[in-house]
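Presented sequentially are two complexes of chain A, the first with chain B as partner and the second with chain C.
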Partner chain A sequence: MATITRRQVGDALAQQGILIAFAVFMVAFTLANPRFLEVDNVFSVVRSSAILGIMALGVTFVVISGNLDLSVGSMMSFSTIVVLDLHDQIGPLLAIPAMFAMTLCLGALIGFLVGYLRLNSLIVTLGMLSAIHGLTLTYSGGQNMDIADKEGTWFGVFGQGFALGIPVPILIFVALAALLGLVLARTPFGRKVYAVGGNSAAATFSGIRRGRTVFVCYLLSAACVATAGLIQASRSLGSQNTVGQGLELEVLAAVILGGASLMGGSGTIFKTVIGVLILGFIQNGLLLIGLPFYVQFVVTWIIIILAVWLDIAAKRGRLWSPIA
Partner chain B sequence: MKLRTILATTSAALALAGAASAETMKIGITQNNVGVDSYQTTYEKAFIAAAEANDAVETVVLDAGGDVARQIAQVEDLIQQEVDAIIIWPTNGEAVIPAVRKAHQAGIAVIVTNSNIAEPGFDFVKSFSGPDNITQGARSAEIMCDKFKEMGVENEAKVVHITGQPGYTTAIERAKGFEDRLPEVCPNVSIVDTQPGDWNREKSQTVMEAFLVKYDDIDGVYAGDDNMGVGALNAAKAAGRDGIIFVGATNFAVGYEAMQAGDYWGSIYQSPVDDAEAALQTAIDVLKGEEVPFLNYFDTPKITQENLDEFSKPVF
Partner chain C sequence: MTSVKPVLRLDGIVKTFPGVRALDGVSFSVMPGEVHALMGENGAGKSTLMKVLGGVHQPDSGAIHIGEEVVAIADPLEAKAKGIVFIHQELSLAEELSVAENIYLGELPRKSFGRVDWGKLAAETDAILKRLNVRFDANDRVGDLSIANQQMVEIARALTVEAKAVIFDEPTASLTDAEKVVLFDVIADLKAIGVGIIYISHRMEEIFRITDRISILRDGRYQGTVATAETTEEDVTRMMIGRNLDLSRNASHHEMGEVALEVRGLSCGDLFRDVSFEVRRGEVVGFYGLVGAGRTEIAETLFGLRVPSAGQIFLDGEEVRIQSPADAIAHGVSLVPEDRKGQGLVLGMNCRDNMTLPQVDEMKTGPFVAEGAEIAIFDEYRERLDIRTPSWRQKAGNLSGGNQQKIVIGKWLSMNPRVLIVDEPTRGIDVGSKSEIHKLLRALAAQGYAVMVISSEMPEVLHVSDRIVAMYSGRIIRSFSSEEVTEDSLIQAISGLGGDQAA
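Take a look at the complex of A and B:
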């Protein structure tokens, strides 16, 4: 009969600190308002979080490779506006691949600048944040985009549809998370991403092509952004041209909250998903409790700090650092 | 006889136009952030069109791109160019005051358009031309109350309120107008919750989803603009909740379409074309020495499913 030692419990806690933090918040919010865990509410939170979450999946690769991506918010506005505009011009069937191609070009450009030219990713993507926003405004002429015939299109299926009783955005999120989780954890490419982010020089001397690895990370990120834009466009069949503005920081917060290191080399897709869910459920939970919004800003921040603390404390096995 | 009258009138008009061009008014405008949204884009087009149609004015049209520093520099440029009047759409109601004072001291008439500057700057401004957001909020309350009375639920209806971005004057004023007026016209209607939607359709949709979970009984939604109103409507549709009365403000094309479809009850019609023309006219009137009220509001009428046909669909 297997005995579980105290040490094993400690290790398990250390591995899943953020998961424990998540569980604590869920219980607290449910006690405050029992409706919090109703299926409808959970679906609506996860569906809203799916857009942020899908973007965070791609950014997880970029962050693990030791880089940043601040352009994902602008890029999401871009793909949303482009796919909505093309929908009315060339039909949804062509609009979707065209939008993906255009967004991937942006990702390839960033990947080239950061990966092959070795420019600082913070500067490159901060610049692209503005540049892509300008591109979107130029493309749309400052106007909002709306699909003319909202009743007569099947385009709404990605954002509003249900399959097997589950909202389609959630299914896409789960499928992509599973796929990218496998790529990161179980493929040679995934190991290269960790190696490049953990120790770039060592990776290079081991024969890993850093440039190519980083380039592919940004391509993956752009593909995720395009998917998020598709869901966004499909969900409301129309959009403001600033729809993704500011999301880059929320995405980054979710990835870091999940435990990925800003210095690169660590993090997992599963933990990013937990980070995304924590952010989504905090927002919803505070709304359900009915706190005034200005208090919500403060409480959101406190909860995030608490989560990070619980995560660190679980890794250390105690609440404060013995060598602080 | 008739022909002669026409000829006489025409020549008189031509003479007038000739006289006016002899002393052209030079008016400069520095806008907030053209191209960032449809309202501002349409405003600029309408302003230029109105100025071109008027031979008596010559305009310098500038845009600050949302940047306070750039706007201050633009005001200084306009002072250097010795314009007769400056129309400013403030990027920030506080930060532009020193520049406005400088223009005032240089003897240039300053007119604020669309969103007013902060009160310490009022002494340096001839007139504010724009929408009256408190009245807009109050009118939205009346639209909603009238509809509740028509439905016979004015004694038990529950309303949720989705506001614009916290801290924005427009958001604060509309919320105040609505919250002050609703108890006056419908004393038994209660506002059960208020949360910001940040002028953002997606954010508003998320907020409304939470409201729908939290409250089994919602009769009305007031949103600070139609973009947010339509976001809330999308949430209600997805949740299969019928019979909710949606009222917004700043009628957008999406709101107009939702009214046509019968999903959305009413809004406030605020035309960027009226806004731009009112600003130009205010500047002209000030320069002609006419009596202009300090708060020179242009009218923003109520629009509902009932009188929809009297209005053209907004271009934004």
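Take a look at the complex of A and C:
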């Protein structure tokens, strides 16, 4: 017991691999460009991670319940376009709740299909990715959306405002993370999400309504997407109708990086926040050392695969195994 | 035997997990041509030991000898390469492939350009199947075979490598008596060609029928090896549990209360038809019959997992409609399911959360789960049911079968149910925990619970029941009181009245 075996080192590597890799990245980036760890830059990373982070909070619930949500990117484009359009038509005060209601309807549809009809979540949300994209284009007539009077509206407060010297998107992210963290870790609903994802049959045999639990997870995810869309729209007061494209994979990457298992039943909001920050810092670091932004796409994927590998390795208890 | 070298020898194997010393210096050896039983209660360390042999776990200390050689087994492939073959309780076959393809999976004979040599494959498979004396074909789809025959395919697979030791883990768990005879013949054949066999089972009768020696583990410690011919069931049991078992038939006579559950003319498609019975408070009603007689399906219907096609259910005299498990729980009907790991527990969740899962909505302070109250419930039932776990934080998957079952039972008791249905209360649970669970079921009846027990083991049914309902092919054939029941009448009833159409 007293001596540390090679096996234990391997286990530690497998379990803490992401944090170790993250630390290595951080040190390397700081050496390459000392600006990396300056307060301004850290703030800017967190701020630009907020939209992704808020979406990741909702997807964390979906993933822990044992499902996937690949529709969040195109759903975010939808929310952004809708709220911008309605802003000029019915005013921001009505546009925001109207946009939330419409986005929640989409979440409810997915939740119904996956939760109550028990369709495969990968198929459903992959289909919805495409369907919602079409819906957005139909709604906008293929046009980008801009607020007519950008000077005369208070709508920019969610994306551009500051409170107590902190950017509002960061405040929203932190507040939602705290709220949803409590919901997941401390409420009966959170407990049921873990149970359904951990063993759906055993949850059913304990009287938990699986369909309803999964349905609510997708509603939560849609609410987070709507919030992210609101911030996105408010930040630029105008938007392309593909603004969220590809975000679904980054969101999933962040959730998995945090250590939630794609099999369901494990993960926490705190870990997801860590995953979001890791992703944000690495992407920022790549830019600071002078790589073009599109390198991110490749690196993000390498990170996802690394994360999935380490997740499985931790379960198997070794990095490589000839059997599943 | 003295000059013969063992095929497999374990020497002082130690394996610890956080907080548990799972194996503490286990040593024994298996001779060529010997059937060596490995016995012990659940949690005694048998599974861990097999995982060490199979390369799934690495021992902290101790040595494994195969023949003359000390070996390290890094992973399951290496175990197979070294001639250690496992026949698992849960089979690992590709159902869509043929028997021949399964047997030679990964090692199909080849012709030029990597094409499969089907002729050679069929010929080699036929030779092996002939050796096993089975009644299926190399080309049959494995998914179409019975469980027993699928097991034969696994054994056939073992014969393709030069097996030095074959380990059978509860091989008869899902076999009929006739199939068991075939299995034992095959084991005799393996023995004849000098293979060493480790045979893990809880069933004494089999152990005494086919094994040469018995090694016993208790709490991870090796208790000794005895020659089967020179020992008795009682001695072995004593070595396994360190105490005598109470094997008497149920003779308790306490006051019965009101009828808690009444079922009238309940049917569910072809699964069961026109079933009527009642369960009183303070009574254990045992449901006995063959697999497929419809007992589990009745339980599932009462628990809202199936929709009845006809009939009525009354709880405390009031008719109820139960359409989901949530309904059932709200009405005070609870079910301890047959498949403990698949349906009873969320294995990755801690013991406390598992126990309070059905009532988590009711246990709140403000919007949050009242964790203090949960821990109090867990502690109460840990004490009442004697659940052995270091802490409520332990994952349910880390507990032994008996302790897992107690968690599931505690889960329902803590909700004070009107009717407790227990399906196969001791499946896969060791002898010692078994009698504990039996005592527990009797104690629950004495405390006034209405208990319905479904079991495929006659001694269990006789031991715990006040009344026994015998089922055959979806119908209730007869109901016996515990005084009038005899083994013969019970067997007659579950094989369909006259016994002429016995399955």
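Everything below uses one rule, namely that the second predicted complex is superposed on the first by the 265 of 324 C-alpha atoms of A that agree within 3 Å, B and C clash if a C-alpha of one lies under 4 Å from a C-alpha of the other, contacts with A are read in each partner's own complex, and residues count from 1 in each chain.
Throughout what follows, a contact is a pair of C-beta atoms (placed from the backbone, for glycine too) under 8 Å apart; a residue touches a chain by one contact, two chains touch by 3 or more.
Just so you know, these numbers come straight off a predicted model, no measurement behind them.
Once the two complexes are overlaid through chain A, chain B and chain C fit side by side, free of any clash as defined at the top of the document. Once chain A of one complex is fitted onto chain A of the other, the partner contacts of A:284 are limited to chain B, with no touch recorded for chain C. In the superposition on chain A, contact of A:130 is made with neither chain B nor chain C. By the document's definition of touching, of the two partners only chain B reaches A:38; chain C does not. After overlaying the two complexes on the shared chain, residue contacts for A:182 are found with chain C alone; chain B is out of touch. Looking at the shared chain after the overlay, A:202 reaches chain C, while chain B stays out of its contact range. By the touch criterion defined above, A:293 lies against chain B but remains apart from chain C after alignment on the C-alpha atoms of chain A. Of the two partner chains, neither chain B nor chain C is touched by A:120.
After overlaying the two complexes on the shared chain, residue contacts for A:265 are found with chain C alone; chain B is out of touch. Annotation: superposed on chain A, chain B and chain C show a minimal Cα-Cα gap of 33 Å. No residue of chain A lies at the contact with chain B in one complex and also at the contact with chain C in the other. Within the complex, the chain C residues that touch chain A are 16, 58, 60, 75-77, 303, 305, 324-326, 328-330, 335, 337, 339, 342-349, 353, 357-358, 360-361, 363-364, 367-369, 411. Across the interface of their complex, chain B is touched by residues 33, 35, 38, 40-41, 44, 48, 137-138, 141-144, 146, 160, 232, 235-236, 238-243, 283-284, 287-288, 290, 293-294 of chain A.
Across the complex, chain A meets chain C through its residues 1, 7, 182, 186-188, 191-192, 194-195, 198-199, 201-209, 265-266, 321-323.
Interface of chain B with chain A (complex): residues 34-38, 40-41, 166, 193, 195-196, 200-202, 205-207, 209-211, 213-214, 227, 230-231, 234, 238-239, 252-254, 257, 316.
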